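Each chain carries a letter (A, B and C) given by its place in the written order, and its residues are counted from 1.
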Amino acid sequence: MATARARSKLTTDQIWATAPGEKRQVGVIHIVITALLIGIGFVVGAFGSISFPLGFGVNFFWTGIAVQQVGPIWFGIWGVIAGTIFPFFSNAIAGTPFYVSAAYIPANLIQALLPAFAFRFFKADIRLNSGRDFAILIGAMVVSSALGAMWSVLVVLRSFGLLTTNSIPLFLWGWFGGNVLAGLVFNIILLKALSPVVIRSTAFVKRWLA
Amino acid sequence: MNKTLLGYVPDRSPIYAIHPFVKLFFLLVVSLFPLFIAAPEWNFGLIIFVLLLMWYSRINMGIMRIYVPVAISMASIIFLAYVILGGYHPEYAQIGQLLAIRVYWERIRDAIVVYFRILPMIVMMVFFLNTSRERDVIVAMRTLRIPFVITYVFAMALRSAGMVIEDFGIVRQAEQARGFDTHGKSLPYRLRKYVMYMIPLFALSLRRAEEFSNALIARGFAFTGPASKIKRADFILTHYHFRRLDALLTAIIGLAFVALLVLRYGFGWFTLSRSVFLPWLETLLRHR
Amino acid sequence: MPPIVEIQNYTWRYLHADVPALQDINLTIEEGSFVGVIGPNGSGKTTLAYSLNGLIPGQYQGIKEGTVKIAGTEVESYRPGELPQMVGVVFSDPEAQFTAMTVEDELVFGMENLGLSIPEIRERLEWVTDLTQLKPLLEKPPYEISGGQKQRVALAAVLAMMPRVMVLDEPTSMLDPMSRKRVFDVLARLKRESHNTIIVIEHNLENLVPLADRMILLHNSRMALSDGTEAFFRQVDTLTEAGVYPPGGIAFFHALMKHGAFAGELPLTLDAAVARLEGLMSHE
């Protein structure tokens, strides 16, 4: 179909660049996307937290990572906001104490922000058309999950006195591995399957806000 | 019982006479109590108190069954983290040995203290979720004068979570109608199926985003421009009145927190050294 | 008085589309009229609806030619939040347009966006729930009501804002026949009691035709036919060519006309058709 051909012709630069005369502005759709991502993340994250728990909101296969990292890649700051907020609610539903969930926010922020930043900074193709795109995605996932694990386990769980020194490696690897493993499964599939659709939607964010 | 996104709430309950702000205040403030209480018997008492509140609020106590696996899993993890992976501490009192692992009294004590700090917070969250309709949460937020956009995003998020759950249910029903069932299948197989659910759920949500936005715009909602600065009537608040009882309860909760801090830091209450249960348990474990 | 809707030489092509969704549309609608818009799928009906309330070009990227004016002002000239006060839209999917946690909140949402006071909101709420018979449902959450009830809620939510123009885009496509009738009963009452301009896009003609003052046919992105309802349905050949089949009563009498067995105005309702037939038979 002509439209599908036109879609597939888009180069990586064209995905991120604003065409001459193209007006992009923040609109109601971005608020809605934020809300929908929080809603999806709420459900998907709670499923992961309940199904594969390690303890205190740490999971050894956290399905919510898909929403937390793919959402910001597609929708910029709106996805970052959603990715930072929804784990608070999904953890609460799954029985993580309220204040522990709140203290995880910086970890969730870095995990949401870094992949979105990496894709925009390195101008990677969100359709994952080359090895470079995969490398940027996986690199961002690994670094963000490592930083997230360090904040959550070393700062939060230790500060609340919830862990002993000897159990730190278990939870560190649990958080890190649980995110990266789930990310490898879900992020790649979602980006490959849905990016062509997202690019054409009004909600897609080329810079950070619109 | 009414099914809401946040849980099953009773059709009628004395708790509905209380302003939603008070319930939120209770959750936020009383959840802090265990952080200042080390003696587990006090935190256990707090659990009993909240369970009694749940019973008084006519919550179906069977709902606690859902959280039993969470409590057991939490206990296992804490036991693992503190006792099994507690490390080598010659300064501690060893009371036993599990294969090559030394079991110290102090580690058991710390595990119990942590567990009984976490449990009341979970029970309070369960209480809140089972006595709050989605509207109550919105009202509590608007009473706190949280900006409308933030409140509405939260409301939309709750709404969309409900839709995702419905969509998921429909997909599962369609599969079952075709004789498909993941029961008894391996974990990798179930994971693969789960992945395949994600794509249509995401795609549906993307389509909904466009339709939702159109609906909001059609209702005159604007995020920018003069229309976004219009003073809203907050009609929902006309259904809720902050009465003297609500003010009294808010004051009691606040004063209880202050009293807790004074007793804790001024008089040393609720500390490990003042615990009655822990010395008894230590004696029991040493002389078994 | 200028027409409430004025479209001149309007063409709209969505970005990434090869052909325009609407081409060379020229249309004026007088205030207070009830207009039916019909046409096969893909003929541009929804695009027309979205063009009237500013969703196009506001929310959709594409190329626009010509003008679309509401109450004498081009839609793009209205500031965000202003046009919905003039043009209210009810979409086809009731699920997708319900954004509040209870029916009452849904009805009140639009009025709050307009900045109405609480007494004003109470008054309009009373009026609109009486009109659409929604009072027993006010406290119910959206997932507890039927599709037909949801669509009445959507209609009421827009009505409560009292727009001068109401556009309903296939409002009954997802409803059963009883629910469909209830929605049209509300529209009939609205037509009797208020001065709103109502534009209904529909496939189901049985309920639409008796209410419409005027009908428009869209075919292949163009306006193929526009006329008073009775004159519109005399052109059955044009309609069937476009894949639109008139209601049974009209088709029957048109066939009688073709065979020379009937001359006169086409009956637009089933009751009128029965009465006309009885009249014919009694003459024999």
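To be clear about the criterion, a contact is a pair of C-beta atoms (placed from the backbone, for glycine too) under 8 Å apart; a residue touches a chain by one contact, two chains touch by 3 or more.
This one's a predicted model, so the numbers in the text were calculated from it and none came from an experiment.
The pair of chains sharing the greatest count of C-beta contacts is A-B.
When chain centres are set by their Cα atoms, the one at the greatest distance from subunit A is C. Subunit A and subunit B have Cα centroids lying 23 Å from one another. If you average the Cα atoms of subunit B and of subunit C, the two centres end up 46 Å apart. Subunit A and subunit C have Cα centroids lying 42 Å from one another.
For subunit C, residues touching at least two other chains, in rising order: 58-59.
Within subunit B, the positions touching two or more other chains are listed as 156, 158-159, 162-163, 208, 210, 212-213, 216-217, 221-224. Counting partner chains per residue, subunit A has residues 27, 29, 202 touching two or more of them. On subunit C, the positions that touch subunit B within their shared complex are 50, 53-55, 58-59, 79-82, 84-85, 88-89, 91, 93, 95-102, 105, 108-118, 121, 141-143, 157-158, 161. Residue ranges on subunit A touching subunit C, taken from their complex, read 2-3, 6-7, 22, 27, 29, 200, 202.
By the touch rule above, subunit B contacts subunit A in their complex via residues 27-28, 31-32, 35, 67, 70-71, 73-74, 77-78, 80-82, 85-87, 107, 110, 114, 118, 121-122, 124-125, 129, 149, 152-154, 156-165, 168, 191, 194-195, 198-199, 201-203, 205-206, 208-210, 212-213, 216-217, 221-224.
On subunit A, the positions that touch subunit B within their shared complex are 25-40, 42-44, 50, 53-56, 61, 63, 66, 86, 89, 92-95, 97-99, 160-167, 170-171, 185-186, 189-190, 193-194, 197-198, 201-203. Residue ranges of subunit C in contact with subunit A, taken from their complex: 16-18, 58-61.
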